[in-house]
Amino acid sequence: MADTVKNAARTLDQPQPWAELGLKEDEYLRIRDILGRRPTAAELAMYSVMWSEHCSYKSSKVHLRKFGELTQETPVGKMLAGIGENAGVIDVGQGYAVTFKVESHNHPSYVEPYQGAATGVGGIVRDILAMGARPVAVLDPLRFGPLDAPDTARVLPGVVAGVGGYGNCLGLPNVGGEVVFDPSYAGNPLVNALCVGVLRHEDLHLAKATGAGNLVILYGAATGGDGIGGVSVLASETFDAASDGSASGLGGPAKRPSVQVGDPFMEKLLIECTLEIFAARIVSGIQDLGGAGLSCATSELASAGDGGMHVNLDQVPLRDSTLSPEEILMSESQERMMAVVEPEHVEQFLRICAKWDVLATVIGEVTDGDRLTIDWHGETVVDVPPRTVAHDGPVYQRPYARPARQDRIQADGVDVLPRPVGGEELAATVLRLVASPNLCDKSWVTDQYDRYVRGNSVLAQPEDAGMLRIDPDTGLGVAVSTDGNGRFAYLDPYAGAQLSLAEAYRNVAVSGAQPVAITDCLNFGSPEDPDVMWQFSETVEGLVGGCRELGIPVTGGNVSFYNQTGETAILPTPVVGVLGVIDDVSHRTSVGFRRAGEEVFLLGDTRDELAGSVWADVVHAHLGGRPPVLDLDHERRLAELLVRGAGRGLFSSAHDLADGGLIQALVEASLRHGVGVRVDLGVADPFVALFSESTGRVVVSLPADRVPELIELAEAARVPVRRLGVTGDDVLEVEGQFTLPLSEIRAAWQAPIPAAMAAAGH
Amino acid sequence: MAPRIGVVTFPGSLDDHDALRAVGLCGAEPVSLWHGSDSVAGVDAVILPGGFSYGDYLRCGAIAAFAPVMTEVIAAAEAGMPVLGICNGFQVLCEAQLLPGALIRNERQTFVCRDQRLRVASVDTAWTSALTLGQEITLVLKNGEGRYVADADTLDRLEGEGRVVFRYLDNPNGSLSDIAGVCNRRGNVVGLMPHPEHNVEALTSPSLDGRALFESVLDFLTARV
Amino acid sequence: MARVVVDVMPKPEILDPQGKAVTGALDRLGFSGLTVRQGKRFEVEVDGEVTAARLAEIRDAAEKLLANTVIETFDVRLDQA
Amino acid sequence: MARVVVDVMPKPEILDPQGKAVTGALDRLGFSGLTVRQGKRFEVEVDGEVTAARLAEIRDAAEKLLANTVIETFDVRLDQA
């Protein structure tokens, strides 16, 4: 017998398992207060899952609000939907809009790497689809423990196969991402996924249930017992204890989230079916089902609308007939969507679903009142004000404070670390760094992703940004890059966030696109740790300040807390995705030197900035000091120069400098097409010139006769410019220091990941 | 009037879109065909595109081989109409037994996406006449199950009859005899794992070598008229 | 409800990349002297009784769809369990 | 040489997209009333005799490598054939 509303009103004092569901006592009391009685089991399930950290953002909300103070305009147009929607949407001109968002699926990917990563891609794609857009590309910023750690050999291949298995099967080109290794991610891999979608302005859809009498249709996969309780558990404080407990066979009841299995084929049908439904203009509101499943979709749709909603849970198609109503409400079965449809369009809606072999069922309707009511076997099991479930969850002002250790970390600089001296030592350092996990070739990963499907990938990995053609006639396109540097963020979270922002911004500009907006995924340890909360708060401040100075909005994002093993949190890891717009994709710039005999220039200044660098990490296993100094005004002017230059077809190549500094950029630009380079560092300290990670720098190559144009543009933009040398031959030569054959560099650069994976049998 | 070339969309087809574009760019009229239809709408040639029809569940191409439209495609192929199977389409043609052999999991167990060098091994087909024998070309390759296998007799027969159409230059998946594509006895039905439809535009492709396949069939169709 | 099991295995003369990979992985894990071939197992729940005719029908389905007889062999049997 | 068979199946409560697709295809081909779940079958050739200890070892291998026990169940047995 289900626990009905009537029953609840009669048995006010019946004890309830609110603590097991992750609620705090005061939260439970608030639910009783809202309802004026105890919640039914189904209501308790809904509140607990919707008020979890993952769904309610209860620890981050007060900070994230600051994003709302930023401009809601981009440099090229309006934001058509912003934070709070499934994903932000921006006007990119010519009647087109673009939506993009990054999300995390960290914990599930640790438990079951393949399915965790696969369903992570599936989830973000549905968010994009729900805005009315056709998903057109994905990017996957990934972070793992050390490359040679045994668990990395389990997690990495599974995650990569999962990202590829799902994304490839959907026909979405993968056009970028990151692969980063650090010991802090050993028990907490970060699997973030970004999806980009394109729509016409008039196709924008919002998640709201309006118009009494309109019908609520659930369509897509049948509902099973997948991930029941997943949402509250996966992002709650119990995760660590639970997974440790079950792994070692100790401890109480295993609270490990039951794993969700993805069906990308179903999702592909869901995409095509949904787009056809949009084109027929027969939906008045739509929502994807992600975390918290039906609990989330019904309460969010209803609270965004102008009335209430009534649902008959008996109508929900089940894969497992033994599920209880609260389990149905919490199930996170994948590949489902919910639409609100006017009665006269229902038949056509169902016909389109049938064409695509997609199961669709009317499960309820929009009502006049302001309640969300749900029936089961003829009795009411849920009767709540939907807003209280979806939006009026708890909000915490978590204590935060700058950790005492921060001064120590910053004081522990790199000046005392021995540096290589002379050509031979420098050359040896180059070979060592290119063969380090964070700088080496990532094609073992990226070759498992389809980057060609749909025929619009103008740039993809290993370029600095992915670029997609949107309109084949005008050449309008967008570029996207994601970046994050947890090491810099550890040294100074405020600066670290801005450095990640600046890097992604620069990567987009390097491709020739004008950066216009960001999305972000904030991966942190426990919000209950004041040190972590301070890192978080500084990060948000950093992003807000950075975006304000660059004049671009935050369109949305995601927060992932509790990424920690025991007491040890991961490096604070804000991943920033920047979107750019380019009027004509044929003007794109790519990273590789194209032909011999071209002039090579460095834009931006180099300082002695090696704290947090790859060199300090690889050679000295050192992390301390202060990160590079950032000048956002310079970044803006640099971007302007790059976009302008690209528009005139000035550059043969352009590549931003980031991890590994100048030498790494030269290595990558040379290896791309096998065209070497000879550079003269002048009077600069060669070690600093080659390995410093000063920000705001780009290497460009161009034909000799166009150098005056570059100088003129650089002067106008007040960007320092310095000639480095000339392209050619199959060597990388630093005059007066060393000459390395590209073949030798390439061999060292390509080896690490294949070797590590082969050793583990992959 | 330009020849009409149909591209079948199965549930889970992905490169249908690209194949239609390639057909148009190369001068034919693209026609979209639906898997559930029982006609091929009077087209002059058919392409079975890449993708993951039915999720590639069971075996790649196995379920799609039984789609209603395939009855017509098989009949037309047997009557001499040019049919090209690309990647998943090649797998469908093998499962439908229009082409011999089968495609199994890559030797290196992972999906592989790369720019693949190939050698043209036969120009006596409806889809390769615009290429030259022995020519080296580069096409996009992307699949998880692209390893061509057949029993020894079948391989001998294919070699003897000159029915190997493309060979890999650096075999990416362990295909027997480096086979990347084969044809039927008549040469009107060709299947290959690489994706010529991704190599038709400079903006998005590492080469334009894919065009020759579409130009070949245009020659074939216009010559016949 | 009755259950029929269909086992599908790669023909002995056909390469079995998955089996080979598993064999290698087992060896690296220290499980030596094991050679693996990997195939598929289908558990078919049958509505109603499994008569000889019904079993023949399932054999037909296996030949047509579940196995690709160019590269695989199959076996159909009533599940004893 | 002795042979041990390891059957690996998706757990009943876990979604089986493959089985779902096969079930649909069989139905379209006119084989109705059949519901399929798809798993894997490993045929393990064992060097030497299959003692109880050897079987336990293979069970261990199955648990570690052949099955993903987060989403799959497995069964190990000596092949009677």
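Lettered A, B, C and D in written order, each chain numbered from 1.
Quick note on the criterion: a contact is a pair of C-beta atoms (placed from the backbone, for glycine too) under 8 Å apart; a residue touches a chain by one contact, two chains touch by 3 or more.
Note that the coordinates shown come from a computational prediction; the quantities given were computed from them, not determined experimentally.
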Selected interface, A-D versus B-D, where C-beta contact pairs are more numerous: A-D
Centre distance in Å when subunit A and subunit B are each reduced to the mean of their C-alpha atoms: 36
Mean-CA-position distance for subunit D and subunit C (Å): 9
Residues of subunit C engaged with two or more neighbouring chains: 21, 25, 65-66
Contacts with 2+ other chains: residues of subunit B: 54-55, 57-58, 62-63, 66, 109
Overlap residues in subunit A, where contacts from two or more other chains coincide: 263, 265-266, 357
Graph class of chain-chain contacts, one of line, ring, star, complete, other: complete
Subunit B-facing residues of subunit C, complex: 10, 13-15, 17-18, 21, 65-66, 68, 70-71
Residues of subunit C touching subunit D in the complex: 7-9, 19, 22, 25-26, 29, 31-48, 57-58, 60-61, 64-66
Residue ranges of subunit D in contact with subunit B within the complex: 17-18, 20-22, 25, 28-29, 38
Residues of subunit A touching subunit D in the complex: 111-112, 115, 221, 224-226, 258-263, 265-266, 319-320, 333-334, 357
Touching residues on subunit A, where the partner in the complex is subunit C: 761
